[in-house]
Amino acid sequence: MDLTVLASAIVDGLLMGLVYGLVALGLALIWGVMNIINFAHGDYMVLGAYIAVLFSLLGVDAVYALPFAFAVVYLAGVATYKLVIRRILDAPFVSQIAATFALLLLIRYGVELVAGPRTWIVESVLSGSVVRVGPLSIVCSKLFAGIVSIAVFVVVYLFLTRTYTGLAVRAIAQNRSAAMLQGIDVDRVNSIVFGLGVGVAGLAGALVALVQPVFPELGGFYCLVAFVSVVLGGFTSVVGSFLGAIIIGLSESLSAVYISPTLKNAIAFTVFILVLLFRPTGLFGRFGRRV
Amino acid sequence: MGGREILVVENVWKRFGGIVALAGVSIEVREGERLAIIGPNGSGKTTLFNVITGYVKPDRGRVSFDGQDITGKKPHQIARLGIARTFQIVKPFANLTVEENVVVAALSRNRSVEEARRHALHVLELVGLYDKRNVRAAMLNLAEKKRLELAKALALNPRLLLLDEVAAGLRPSEIKELKKLLYKINSEGVTIVMVEHVLRAVSGFAERVVVLHHGSKLAEGRPEDIAKDPRVVDAYLGSLASQLLEV
Amino acid sequence: MVLHMQRKVLVAVAIMVVAVVAVGIALFLGVGGVEERVMGQPKVIKVGVILPLTGRLAETGEDLKRGIEFAVYQINSMGGVKNCGGAKIVVVWGDSQARPERGAAEAERLIVEEHVVALVGAYQSAVTKTASEVAERYRVPFLNPDSTSPTLTERGYKWFFRITPHDGMFVKQQVEFVNWLNKRCGGCIKRIAIIHEDSEWGTNVARLWEKEFSAAGYEIVDVISYHAPTVTSFDAEVERLKRSKPDLLLVASYVHDALLLMKTIKAKKLYVKAILAQDAGFVSPAYVSQVGDAGWFVFSREVFNWDLVQKMPRLKEVEEEYRRMYGVSLNGNSARDYTGMWVLYYALEEACKIVKPWEDLQKFREALRDALANLYIPGDKLIMPWKGVKFDEKGQNILGQGIIVQMMEDGKYYTVYPPEYATREPVFPMPSWEERSR
Amino acid sequence: MSFPTQRELVTALAVLIFAIAADGVAYVFDKPFLANSIYLALMYALAGLAWNILAGFTGLVSFGHAVFFGLGAYATMIAMLHKIPAVLGILLAGGVGFLAAVLLAPIWLRLKSHWFTLATIATAEILKLSFIVWPAVGGASGLQAPIAEPGEELYYLYFRGAYLYVFIAAVLVAIEVVVLWSILRGPIGYKLQAIREDEDAAMALAIDPLKYKFFALAISGFFTGLAGSLYTIRYRFIDPFTVFDLISVSTYIALVGIVGGIYTFLGPIIGSFIVVPAAEYVRSTLMSIASRYAALHGVVLGAVLLIVSLMAPEGVVERVRAKMVVWSKVVKVVREWVVERS
């Protein structure tokens, strides 16, 4: 296989990895702060994707859907927190899994109920155009998705490190009861974190809608990728998960070219189990922990 | 007093990241003895227990029990040899009843559940939890949980009992009762090593006291002598002034 | 107390054993003796139809269902099955939910509970596999109008009949088509690349393509598979295709992957002289309505196309009436299931000469099976572009064939092959991307 | 507390007798749909009980039991294709499930809580994808058993309808119930629960957690493998998409346990007999009222699961039992009051 194919696979893997990163970031954030695995995470992402679909149906360019996707899914997340998540924070582990899994079913099939099982394609100003870099041609919408992902990541990072609420979030992640003693309103911060976590995923969903067709089960795959990324990234580390997602994106596109496209996910999962076994703190265990 | 050495800890080192938890600790415990290990916060008491019982692997050094090297053995193997321990933060099996909690322990010495239950009920009577035997462990108060912790350890029929701050959080009257119980157990030939934060908790009970400080042995001797030892006073002062007031 | 409890347990176990043994013996003695009772109301012939009415394929299921309903409506309004005294055909629906084990359960229910004379269905090959297995077990004819996996007719079943051509036949026809194209450009197609999804269907088609096209002397330069449920990008694959420089690209895809693939091919300006797809995703309404100019000039194998009305007078009539009733046009799925019901009707007429279903249901089923095995329907009685219907000893209709369509610049597919059905000349080779943007 | 009581054993066996009786009724009145629902409920009960020895008694929550189910299904199918009697095929499925558990144990058992769960999901997905690209086991096309010749029905367990299969499934569940019941009441049951509650504390009581988890996993693999063989002998066609499915296999197995209550021995059986027939019923009625929208089924399932996990996280069985305790207390008070008066 020659170099252009390799380079193209790397660029593609990198760009998809950045989008995966947004999904993984929210998962890690929720996990780190609330110690809850959100099995429905990918489906909140799909909510965002359907908002992009809605925009293009209304004749508005899907690019404008991004802030709305974030806002709507953020609110959905806050509502979910108040109605469901809050009640299972201290519940047995099985109840937590069952409840978030129930959310997955509700959202996935709720979407199918409203929008039908069909596949949608979202058109925007970006679709179809290509940027040429040497022998490489990069699809514009994908490039856009990658750039937006980086920007969102930076914003979230600054929010967590530079704002009061962000500090509170990190304090809770470190030690919930200590944070409570210092007068932090844990419940309020939790609801913000859950909203933010799924909201970012929703935004990622709108980006995904720009680069690939949308259908109700789309979230399952992204959720699995997010899990793998989070594990690679050292579990609760936001920065680590983002990097982990990029690695998954790269390994996927490279194995699609060099091994077998069917097995590319099997390879991602194998990496996942190996990391759990041999680097139980993740690849970036110490780097950026709990940020 | 003055039996042969049942537990020997030789020059044990343990480091967590940059912190040295144990810096060459050596302790000998004689059979039938009542030994107390005290020290301020972070002096390595619990780590020492964890090393002896196999929960933590020492970086260097050796632990032997009854002449047998047990360094690096798994906790359950060590428990099987006859060393029972309690945990500083109590660990009841919350969703099991008190009786079931102790039956689990008794099963290490009994084949059948029936035998184990008989033994467990006997132990529960001993520690005074018999009336609570059908209560879910999660429902007990702290003192009862500590007694349950003790009952579980006793149900193993141990030769050596390691007690990690069993007195902490108890009222003086409860402590007195506990001490009476421990005397009784000791008189039946069980060697007892207890870790406590403060000397007062062990005075009148321990025959010998070891003081740990920054992971190494600071002093060793009879309780009365230790109380007067200026190095010990300094250590407590140095660590946290308020703790001295408790001594 | 303990003793008391133990006695209770013993008693319970004893009852259990007795019950189990009793029911077991009863059931076992009854094996094979599940004789269906004679149906209550005469003058009705019940047919079971299994389709994916709910689940992922619900939209397709709807289409298939309309085809069946329409055929039954026509047959009944023409006076029903005449040799059975004008008995009306009644359809009993079974929902496979697109799952093999549901298909089997529904087949069983229709046969045993509903006493249907035959089963029709079930679209997906995997579901047809399990449902027809049940039919074989109960000795009930299974008529399959719409599954294309070649393995279905390789099982040696005696009660299974397939009307539609299977993928093996389609592929042979595609080779003929490519040969035909090749003559038009003086042998410009030499190198062929294949990209396919990796479920049973795509994998089988790719294997057949490889075999048949290499046998026909073409060079297979690349075979790429992908997993449709998780594919998020074709960038690397298209880049690889660019390197292998095929003259012809063969594609087997479902809907969303077909869309993604064509968009990527357009974005990356991959040029090949022709793209030939294996229907499925490429002819689905969602694809046709959304692919835009990325899908122009792509050939696809089809079983049916809207412009056939211009070439087939009988189809024209049917299509107009169908459109009046449902407001939509016939498509490959509804037309095939419509045809399936008519084929069944002809066989019912034959079987009714021998025995009536309400006299002896199982004997009628046997007669129906024989009627199907000996059936010949000429092509002019059908609305499909076929030479007719005749089953070989494996139960495969040997007179069926596919057509090749091409999407033109108005975003519609036109029939281009076989020539007797063609309404347009093929655009070949494809114009380059530069020419198109002008 | 959570130890299987004699009453639970009696109830479990009673449920099985009831299942067989209902099967008989379905047979007499030609109701294959009912028999099929019972069969599915028994299949999931078999797997659910096996799942729960891990989740309920050891604290290891698997969402990847499709691993054992799928391998068991394939084992039986391959046995059948090699003309091995189906009874041996079923045993083989158990053996393969057991073997898979033994081989996976060194990987899975190094992980705890969430990580265990995720590893199980990942393993099932890896297996599914590997089977799709593995031609020797039929690849994506799957495998179908041939039609048995007349006279070979018993040899290949080839019957019409679900009726006799229900009988086979009930026998398997009964064996499992009796085996698990006697194991879990004994020392092993105590030790497993101790591990579930607190692994460190269990170790201090001379319990080797790895040994008992290994044991639980192996047993769980064995019986889940058997459940997989039930799928094969009845439907006679399998492919990787169906038998390794995350939703309809792994999740459903966990679901029947969670709905029934994981801390009770009976939980999965009751859960299975609630969830499966209800789901089947909802599906068949949904078809008539809203044929296009199977999605409603998913939504309903999600709602049920959410309500159970929020309102009755201890499961239906515990719920009912708690209610019954309250009720019997009321009865007792009333009776005493009446006795006093008279």
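To keep things simple, chains are lettered A, B, C and D as they appear, and every chain counts its residues starting from 1.
The criterion applied here is as follows: a residue touches a chain if its C-beta (ideal position, glycine included) is under 8 Å from a C-beta of that chain, and two chains touch if they have at least 3 such contacts.
On a predicted model such as this, the values are computed, not experimentally measured, just so you know.
**Q** Select the chain whose centre, defined as the mean of its C-alpha atoms, is least distant from the mean of all protein C-alpha atoms.
**A** Central by C-alpha mean position: chain D.
**Q** How big is the gap, in whole Å, between where the Cα atoms of chain B centre and where those of chain C centre?
**A** Their C-alpha centroids are separated by 74 Å.
**Q** Can you compute the centre-to-centre distance for chain A and chain D, using the mean CA position of each chain? Integer Å is fine.
**A** Each chain reduced to its C-alpha mean, chain A and chain D end up 33 Å apart.
**Q** So the centre of each chain is just the mean of its C-alpha atoms; given that, what is the distance between chain C and chain D in Å?
**A** Each chain's C-alpha centroid was found; their separation is 35 Å.
**Q** Could you put a whole-Å number on the gap between the CA centroids of chain B and chain D?
**A** 43
**Q** Any chance you could list the residues of chain A touching two or more other chains?
**A** Those would be 116-117, 220, 260, 262, 265.
**Q** Find every residue in chain C that makes contact with two or more other chains and list them.
**A** 55, 58-59, 198, 227
**Q** So, with touch as defined above, which chain pairs make the list?
**A** Result of the pairwise touch check is A-C, A-D, B-D, C-D.
**Q** Which of the residues in chain C end up touching chain D in this complex?
**A** Chain C reaches chain D through residues 5-6, 8-9, 12-13, 15-16, 19-20, 23-24, 26-28, 30-32, 34, 36, 53-55, 58-59, 62, 93, 95, 97, 99-101, 104-105, 108-109, 112-113, 126, 129-130, 133, 136-138, 149, 151, 155, 157, 198-200, 202-204, 227.
**Q** Contact residues on chain D for chain C in the complex?
**A** Spelled out, the residues of chain D in touch with chain C are 6, 9-10, 13-14, 16-17, 20-21, 23-24, 27, 30-33, 36, 129, 132-133, 139-142, 144, 146-147, 153, 158-164, 167, 170-171, 174, 231, 234-237, 239, 241-242, 248, 283-284, 286-287, 291-294, 297.
**Q** What does chain B use to touch chain D in their complex?
**A** 53-55, 74-77, 79-80, 84-85, 87, 91-97, 100, 103-105, 107-108, 111-113, 116, 136, 152-153, 155-156
**Q** State the interface residues of chain A toward chain D in the complex, per the touch definition above.
**A** The contact residues of chain A facing chain D are 37, 84, 87-88, 91-95, 97-99, 101-106, 108-110, 112-113, 116-117, 216, 220, 224, 227-228, 231, 260, 262-263, 265-266, 269-270, 272-273, 276-277, 280.
**Q** Taking the touch rule as given, give the residues of chain D at its contact with chain B in the complex, in rising order.
**A** Per the stated touch rule, the residues are 1-3, 185-187, 190-191, 193-194, 197-198, 200-209, 263.
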